[in-house]
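Quick heads-up: structures coming right below.
Shared chain: chain A. Partners: chain B in the first complex, chain C in the second.
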Partner chain A sequence: MGIGVSIGALSPATERSPQAATLAAAAAEARRDAWRRSIESVAIPLGAIAAALVLFGVFMALTGRNPLAVYHEMFRGSFGTAFSFQNTLQRAAPIMLTALATAIPLRLGLVVLGGEGAMVLGGLAAAAVGIHLHSPFSIKLGMFVTGSLVGGAWVAGAGALRAYRGVNETISSLLLNYIAIALLNHIVEGPLRDPSSLNKPSTLPIGDDNMLGNLPGLDVHWGLGFALIACLIAWFLMQRTTFGFAARMVGGNVRAALLNGLPVRRLIVIATFLGGLGAGLAGAVEVAAIHGNANASLVTGYGYTGVLVAFIARANPFGVIPVALLLGGIGASGGLLQRVFELPDATVNVLQGTIFIAILFSDSLYGRRWGRAKSAKAVAA
Partner chain B sequence: MSAAGGVALGMIGGAVRISTPFLFVSLGECLTEKSGRVNLGLEGTLVMGAMAAYGVSYLTNSPWLGVLAAGCCGVVLGALHAWLCARPRVNDVAVGIALMLFGVGLAFFLGKPLVGPSAPHLPAVSLGWWSASSQVRSALQVNALFVLGLITTFAVRFVLRRTRWGLIIRTVGESADTARAMGYDVARVRQLATMAGGFLAGIGGSFLSLFYPGSWNEGLSSGQGLMAVALVIFARWDPVRCLLASLLFGGASALGPALQSVGVTSGYYLFNAAPYALTLAIIVATSSRDRALNGQPAELRVAR
Partner chain C sequence: MTVGFIFVGPKTDFGYNQSHAEGAAVIAKLPGVKIREEEMVPETSAVQKTMESMINLDNATLLFPTSFGYFDPHILKEAAKNKGVTFLHCGGMYQEGKHPTNVGSYFGYIDEAQYVAGIVAGLTTKSNKLGFIAAKPIPQVLRNINSYTLGAKSVNPKVTTSVIFTGDWSMPVKEAEAANSLIDQGADVLTMHVDSPKVIVETAERRGVFVTGYHVNQSALAPKGYLTGAEWNWGKVYTDYVNWIQGGKAWPHLLRGGLKEGFVKVSPYGKAVSAAAKKKADAAKAKFMAGTMVIYKGPLKDNTGKVVIAAGAEQKQTDIALEKMDYLVDGVVGKTH
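The block that comes next holds the complex of A and B.
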């Protein structure tokens, strides 16, 4: 009864105001949440990388090296001089492309490691096509299209096995990497071997005139341009199109996606194919811009660095660009570290592994109410 | 001896020789997966184990201390894996990949000075004394670790099936909620299972550096740790089937070298890819999109 009286006593204006206040508070909360999320998405990965650098510094100190001197040389060998920066850019290009092979399927909740195999076979297919074409333009076009398609089909194989047979895509894509490398070795030693390549069995060269040139004003080949464009296209596709929305929905909740009638299996195959396109293109670019033919040098480990990049970038194709630059830089400095400190090649891998572990650990820090305790105390006071 | 006989003998000898690392890693993974956790990082554990075993064996002149050191490395990496996976929202597949890259990198870093020197090897038991043929005798050189692997196979099976600990591990793997309701600490059980799995995988690594191929270098492991993880799926999470599958894989891996030894060199690389292709063919043939696999811990079904 008391309730009825109080409602009757309220004027229309005061009736609306508590509601409006709640709405305003909710909006403020949502704004704070959005802010917190965007700050987190930058601060947490940076914090994790910094923590990994500290841990690695301690490790260096334990092995008797001055960590600051190591980092100084590392900077000099990656970003410090014009020469080393161009070297970094050149390495970052294939890493960006192979990272897409992991990043795009990761949006659907799939962990695909097939970038290495797709890159190797993409390069092999590109060389096989390139030596049979004639004009420089048709050679380049043919190489990039074939390399990409072969890479796409290879990774899509793992996707299709997952979608239609329920085969674990992580394991199948890893096995496909080993099979791809064996195929490369078999073909460059046998059917496609250039008889004049003695120590290092290779296919025939595509010819110096047909090699991919440099970006204007830089000593970096066009592969970097392709990689940047591919990342931007992938970002647009995943963030701004219906396909991207559907893919992210599959990654968020497969059952909800199925109940909404999304073609989950087809989406899986398409996403793995698109990712593989990038890795295949990386192989084609390596052949067209650096090696000039296909041989065992195509087995670079960029595919695995790409996996790391995709995870650090949290599967965001745009985030792949800066992360690939960072890891490309770390890789580029390996040679200098070896010369100056007599550190083994694997030093770079230890640092990359440490960063990977730190980044994965940092996944547990998202969504914490930083400062919530403080504001509660402020209210109490 | 005929070429076919030579190939068959090479494959049988290879099956026994090459299968040992597969066996230890797959037993370790089987134990871990029974508790409802996947450790994809055993490749890193295998390589770390190989490096540690070689280093300790070289420094102390005792290969068995090396085997122990390899196991301890595995325990440490397993503990790291379990600790990371127990954090909220951390993906265990990704942690496995990270530890694989980290373990391999760290092993090559620390193992750099060990590339040159030679360390004492593990003893072998000769089972070919009855034959006059030197080929037969060299094929039947069975390492003590293989025998230990046979014992471990049945021990793991006994522990999982017949003991209280095994029951707890399986309960945690089948239903974490039930285990929690019964008062077991799920994270703790998984941590111990991952550490025990790491111990076995580390021992598998010691076989690589201390018996076959029997030296330490960067090309030592070619993905055996990964194949062993796939092999557990094929073996339906049963230790005895892990043993049979390891022997099959050892035989497949020996196909390339066996053919080469009788003069077949064309397609060498393709034959080397046989174990990978076989693994893939087997998991494709035995997977199904609709029905759950026999013997698969239910907690893994939720996770994948």
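The block that comes next holds the complex of A and C.
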């Protein structure tokens, strides 16, 4: 493509040598490409979301509701007031972390659904460690480190099965979720049960004084801060380090990666471990900031919402942040839609599903040479 | 006033959430009351934000967050933050002096209705085997299993109740498997304590066995096999609370009741219930209504042979010992752990 077109477009009056001119033109072309890519990466997802919202509006109109009123309530419930915005932030925090469990391995071409299990076990491990430590600082630190490591190890288990035994990581990580939930139930109802937790079996509480507090000036707990930092670190790691480059190479072409001598198996295990760290931390934060102990309420489905976030963000850890905010906002406004329009909760799933499909479809629009194809035809004619 | 209802599952689950939604529908008809409902709210910070959203955006002044797991820490935290709002929770966990004063907790002695349903089951079974599908071996669930079995044994000493614990409140696939497995083992009357009895009732009907329901009336799902069921009657409880609060009266922070108080009820008998069974069940119901029935009295042994209530001793419905129940009575086939 590029070079041939550029040569054709060159003015014969140029004094520079043809080679240098070609290089300059190629550089200009590359700059244009970079611009086009960055515009695309914003415009295409936004366009897809807008299209999904329009479709959802049609769906609402078919059920006899005024779509404009629905949009208005959605905005009021998610970003429209200071309270609503904090509601959105709070809901976005855990799914940013669980999204990493899918987003990082997805860079290597692995579809991991294990965020839910990693989160549940991360929370359980954090609670189990928290009750044995003493100062508020050591309790929190111990909980976050243990929770993350356990979550990482859990997802890395699925990664290792893939790397060394060829087990499909999607199936194994999904099944590991069920095992994690069964383990949680068994342990909080058995060995670690607080005897006074009668009808809601739970571990012993870590104590009110040791809980994780809110971000300054906000009614949103520190989990949001951790989530933002984790996403930024993950982004840096995947985009700006040799590890990230190697990981993306595995995702791009595993044979090429092998031929270049990359330790593909080790990369798979490390990437799944790193992803699991995020989900495990999400579980530890749930315990430290909300529940104060581990119990069946840790099973929230955030792990599965994280899968959706990772795919919509096209596995970019930085992209996870706005997407999680979007889904947090949908969750926050979904409640208001139910209450004001007497819609079932499934309505929100319809909206999420529509957005998901629109974004997946929009993948096919990247790299199209808008307008360029037409002008080329015109030239040929 | 605006009253907010929060449900952990779908409002139309033929079970726990529907029983509360039916109660909400009753108070929606009261003058001056507007209700706002939100379903599928998990027991985490999401429910805290939903409560705040109802308070901030809907101006709700009375909230009924109905799931058991919403109480601690979620309701307690929001109640401390929003002093002007009243929070009423289903579960009976309020502690005077420890919990905020704008919190109340109510619960029903539904095991009374299970006892009556047990009588019907005991007189309907041909195999003398009843099947009970339960979520978790916690005191409330064990109490239902035991009361059901004691009801059945009061009219048919040969009856045994086989229990399968599924491990969680909503496990439709496991519940169907458990129902099939109990039927394969010879059970010809099933009952349950899970959030949504739907698949169990439908499985029983399809396999041609009898079933007694739980939470709400499920007779529409099993027109042939539905015998009766233990139902909540939250409409009565919610109406009382709204009247107290609207009238500016003091309201009880801890409110409990059974058949007599109208907190629970027994589903109308199905076609398959014999006249003799109806008579025995009605007699037991009359004793509950009169306040003279005691389910837990000695001598009572658990299913390992240990005496749990000595001869001559009784534990009435309000006895705190019943809240800590950790055994299955003689006649139940199953283990608590």
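The rule we apply is simple: the second predicted complex is superposed on the first by the 359 of 381 C-alpha atoms of A that agree within 3 Å, B and C clash if a C-alpha of one lies under 4 Å from a C-alpha of the other, contacts with A are read in each partner's own complex, and residues count from 1 in each chain.
The definition used in the following text is that contacts are C-beta pairs under 8 Å (C-beta built on N, C-alpha and C of every residue); 3 or more make two chains touch, one makes a residue touch a chain.
Just so it is clear, the structure is predicted and the values come from calculations on it, not from any experiment.
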Which superposed partner A:Gly190 touches (first chain B, second chain C, both, neither): both
First (chain B), second (chain C), both or neither touched by A:Ala182: both
A:Gln239 touches, of chain B and chain C: first, second, both or neither? neither
Which superposed partner A:Tyr366 touches (first chain B, second chain C, both, neither): first
Touching partner for A:Asn214 - first (chain B), second (chain C), both, neither: neither
Touching partner for A:Pro344 - first (chain B), second (chain C), both, neither: both
First (chain B), second (chain C), both or neither touched by A:Leu161: first
Which of chain B and chain C A:Thr300 touches, first, second, both or neither: second
Which of chain B and chain C A:Ile290 touches, first, second, both or neither: second
Intersection of the chain A residues that touch chain B with those that touch chain C: 182, 185, 189-190, 344-345
Residue numbers on chain C that touch chain A, as the complex places them: 4, 10-12, 36-46, 48-50, 52-54, 56-58, 68-69, 72-73, 91, 136-140, 167-168, 323-324, 337
Chain A residues touching chain B - in the complex, by the definition given at the top: 111, 113, 161, 163-168, 170-172, 174-176, 178-179, 182-183, 185-186, 189-190, 304, 307-308, 311, 343-350, 352-354, 356-357, 360-361, 363-364, 366
Residue ranges of chain B in contact with chain A within the complex: 40, 80, 84, 87-91, 93-95, 97-99, 101-109, 112, 222-223, 226-227, 229-230, 233, 266-270, 272-273, 276-277, 279-280, 283-284, 287-290, 304
Touch list for chain A against partner chain C, complex: 76-77, 81, 83-84, 87, 90-91, 181-182, 185, 189-190, 198-201, 221, 286, 289-292, 295-298, 300-301, 331-332, 335-336, 338-340, 342, 344-345
